[in-house]
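Here the structure is laid out as structure tokens; the discussion comes afterwards.
Letters A, B, C and D name the chains as they come in the text, with residue numbers starting at 1 for each one.
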Amino acid sequence: MIQFFNVTKEYDKGVIALEDINLSINKGEFVFLVGPSGAGKSTFNRLIIREELPTQGQLMYEGKSILRMKKREVPYFRRKIGIVFQDFRLLSDRTVYENVAFALEAMAAPVSEVKYKVPQVLEMVGLDHKHDAFPQELSGGEQQRVAIARAIVNNPSLLIADEPTGNLDPDTSLEIMKLLNNINKRGTTIIMATHDKDIVNRMRKRVVVLNKGKIIRDVEKGGYTDEDQCHTLLF
Amino acid sequence: MIQFFNVTKEYDKGVIALEDINLSINKGEFVFLVGPSGAGKSTFNRLIIREELPTQGQLMYEGKSILRMKKREVPYFRRKIGIVFQDFRLLSDRTVYENVAFALEAMAAPVSEVKYKVPQVLEMVGLDHKHDAFPQELSGGEQQRVAIARAIVNNPSLLIADEPTGNLDPDTSLEIMKLLNNINKRGTTIIMATHDKDIVNRMRKRVVVLNKGKIIRDVEKGGYTDEDQCHTLLF
Amino acid sequence: MKISAIRYSFRDAFRSFWRHFGITVASITTVAISLLILGFTLLLVLNSQYIAGFMESQVEINLFLREDISRQDARAFENKLTRIEGVELVEFIPKEDALKLMEDSYGKDVDITKALGGNNPLPDTYRVKVVDVELVPQVAATIEKYDEVESLRYGQDFVNRLINFTNWLRNAGLVVIVGILFASLFLITTTIRLTVFARKKEISIMKYVGATNLFIRAPFFLEGMMIGLIGALISVVILYLAYGTVVNYALSSVPFMPLITDKTLLYQIFGYLLLGGTFLGAMGSMIAVRKYLNV
Amino acid sequence: MKISAIRYSFRDAFRSFWRHFGITVASITTVAISLLILGFTLLLVLNSQYIAGFMESQVEINLFLREDISRQDARAFENKLTRIEGVELVEFIPKEDALKLMEDSYGKDVDITKALGGNNPLPDTYRVKVVDVELVPQVAATIEKYDEVESLRYGQDFVNRLINFTNWLRNAGLVVIVGILFASLFLITTTIRLTVFARKKEISIMKYVGATNLFIRAPFFLEGMMIGLIGALISVVILYLAYGTVVNYALSSVPFMPLITDKTLLYQIFGYLLLGGTFLGAMGSMIAVRKYLNV
């Protein structure tokens, strides 16, 4: 589904965030992206959704080049992808309900679908009682869950989640991981950047480890570190 | 140092974020504030720095009422407190260096002190190479560390850290916790809201557990949950 | 665009209109003030040119007939005069009336008629009005060639001055209007740009979530239109009331002052202001949004 | 404030001036345009009142002496006239000159002198100028009582109209200036408010980090001052060049038009504009910031 060919991303001030990345992600996979702070995880995600363009290399989505995509095709492309941004990016002048509904409205979904689906996903993330609140009136974890709800509401074929449990307590994190796992089972490809050792070790999915912009490890059913690799299901 | 007397905080739309909180934190303590998403941890912190006023009850800092503080005293009061906000709150039009320097400049520190201290704390959090970057040019974890640097640069007597490791990988988190521990040892009281089970269990400090606005547990040398209480130093 | 998207656009435009109410009020007021200044300048310039035109229309050629022309011939001469190209109106003043007029100008106590002992040294006179003041010298030259004419006088100096002045006024008016037009254009679009600027993060988020440019712009377009239209309406209402007051006051205290009271022209100006305001509001916010769409 | 804080304020004002360059340019231009409109209106109103004053100063009383007054007594009468309160200038026109003037007005070909056979029915005349047009009727009444006076004339109608018109012009000018003053005040402060609005998050963050209100406001004050001053400077320079051009053009093509060329007055206006712009910029941003300080 996604292929990176010798992708390098250098930001303005000569910061090399990703260097010569080669990687292929298949349809239906669940990939954990881990690595220290500043390793390039978010940059990796940004390249896929065309928030940034790579300095070098080629990037394919379902066999088509993301780089050579026409500008007016980008929105339609992004609609197939659900994105949980590390900094949430909620619309501050809209309520929780409106934020989630927006993802559907933007793709011209009929009103009936909006009315049916939005409360449903809000319940999934445990926020049905907050639908009239504005983002500034939510706790950090609540905002994060709104971002998750918005990303999954339109049944994307790819879900990119950048640190989606960073502001959640372990129990809620577990709920969210169950949710993502279900979505994955229904066929959605998931790329999740995370620092949560427990989650990675518990889920036993493909783990891609980035460090200073390079892939230093890429294992199926992996753990957060090499040692975690050995024990199976500590918990 | 800090006393909560029957403190209740109700937000605009009838949301009760904290209910009848009674708590005392002594000088030099290290307190973990844990609890599920939306439990009231950030609200607890906001009340201390007078970002919000409680609906009921009394709040004391070093024997003086925070509520009856005059408006023009608030900035001087806040200078004694270092704050790591859950949403970072960096100044987007200033570089990393300028953001950290601002905390010192605001208290009219001499230029020589600014020039000496800012690089020092930036090195402590591992960001000496990023001092000319703007917040938008940083990764999530890097932004978080800038927020930490700004909070500790003026040697506050109280440090409030709201989820300061949510965007950091375990290794960097550990570094930061060592740093906070050192600061605590030098006499700074620390209140840290966190979801990081490992950290709480490893540090064995006082743990206050909030749930739905109420304190449901308050133990010295505690663990993240009741069970964690029993085992000592799992790792 | 699908029906649901159009419905969304309207809903969203209204929502943002009310949710950013402070900003909405600020931009509406800016639009109103800018258009008020523009409309006011337009009316001022148009009126001053109307007055200039009036002054020009007052210019007349005084034409003195030879003494030996009989009263009959004198009256017959009128036909010749009216046939000259550019002549608009011709008025005959017999020498008796001319003497009377002169005497009046010295006050009732100076009795020139008596002093003259029944003699009247003044000639029969024609007052000739010309359609366009610029034609006066030319018409005068034509008239002077007629045998019946002893001499004529039209205040060459004054006419030249007047032509200079009114031409100057027309040019200055044009420059002023163009200047104010651009100024109000800039003020309106800048304000709208600044209000959009405050929402630039929101715009980029929408784009990341998969909204098309059209979908994002449509509500801004509608909101800009509403702001422009309401601002323009306010300016038109104020202008209408103010102009009415000014004209009434002027006509009562300075009744001789020629002012435009032609409603059609006023309504035309108001129409342009409404159209311009709406257009600028809509376009201004559309263009401002574009800057933040490129993500 | 400590020295370090003052130094910080200046550094920060400049930093923000350059870092939000788009916004800085937009607000400077708005200030410049608003003050340009204000200055332009001021000059327009002042000039139109100057012209009105000039027209008023042209009013004169024509005073005809009794026929039996000797030339010597006539000349002696001048002293009495000049002593009347309100009289500014007195000019004697002997009856011969009066006849000559009248004759000239009929063109060189009408020989009234000959027709009169050496007789002159016209009286000796005084032209009296009055310091203030409003005093004309009163002065005329005083003069009329003198024995030497046969009759007088000052175009009662015209003077009344003129007084009405110039009064109207003065009132209208005042209303316009006050209106434009408020409009430019609003435009400038709104723009500055909107630019501060875009930084409201930054302001609250500063407050949370322990900055005093004064410390946060000082750079905004300085930056607003810079924006106001630069905008005002631009408007003054444009105004200076434009007014010079207009006056030159007017004086060359409409040389008789009385226009203000008094540099002192111009410089005074420019001074006010500079002061006003700087003040509005500084105050506008100070006040705008205050709204977001209360955290």
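The working rule: a residue touches a chain if its C-beta (ideal position, glycine included) is under 8 Å from a C-beta of that chain, and two chains touch if they have at least 3 such contacts.
For clarity, every value in this text was computed on a predicted model and none was experimentally measured.
Peer 1: Counting hops between chains that touch, how far apart are chain B and chain C?
Peer 2: Minimum number of steps from chain B to chain C: 2.
Peer 1: Quick check for the class: compute each chain's Cα centroid; which one is farthest from the centroid of chain C?
Peer 2: B
Peer 1: How many angstrom between the C-alpha centroids of chain D and chain B?
Peer 2: That gives a centre separation of 63 Å.
Peer 1: Using CA atom averages as chain centres, what separation in Å is found between chain A and chain D?
Peer 2: Between these chains, centre-to-centre, one finds 67 Å.
Peer 1: Starting from the mean Cα coordinates of chain C and chain D, work out the distance between those two points in Å.
Peer 2: 22
Peer 1: Please report how many Å separate the Cα centroid of chain A from that of chain B, as a whole number.
Peer 2: Taking the average C-alpha coordinate of chain A and of chain B, the gap between them is 28 Å.
Peer 1: Could you list which residues of chain B touch at least two other chains?
Peer 2: Not one residue in chain B touches at least two other chains.
Peer 1: Would you pick out the residues of chain C that each touch at least 2 other chains?
Peer 2: Residues of chain C never touch two or more of the other chains.
Peer 1: What's the contact topology between the chains, one of line, ring, star, complete, other?
Peer 2: Per interface graph, the chains form a ring.
Peer 1: I'd like to see which chains touch which, written out pair by pair.
Peer 2: A-B, A-C, B-D, C-D
Peer 1: Which part of chain B faces chain D closely enough to touch in the complex?
Peer 2: Chain B reaches chain D through residues 49, 51, 72, 75-76, 78-79, 81, 83, 85, 89-93, 102-103, 105-111, 150.
Peer 1: Mind listing the chain C positions that touch chain D in their complex?
Peer 2: Answer in residue numbers: 23, 26, 29-30, 33-34, 36-37, 40, 64, 102, 105-112, 114-117, 119, 121-123, 150-153, 161, 164-165, 167-168, 172, 176, 180, 183, 186-187, 190-191, 193-195, 197-198, 246, 249-250, 253-254, 256-257.
Peer 1: For chain B, which residues count as touching chain A in their complex?
Peer 2: On the chain B side, the touching residues are 11-13, 15, 34-38, 41-42, 86-87, 132-133, 137-142, 144-145, 162-163, 166-173, 195, 197-198, 224.
Peer 1: Can you check the complex and tell me which residues of chain D touch chain B?
Peer 2: 1-2, 4-5, 7-8, 16, 19-20, 199, 201-202, 205-213, 215, 295
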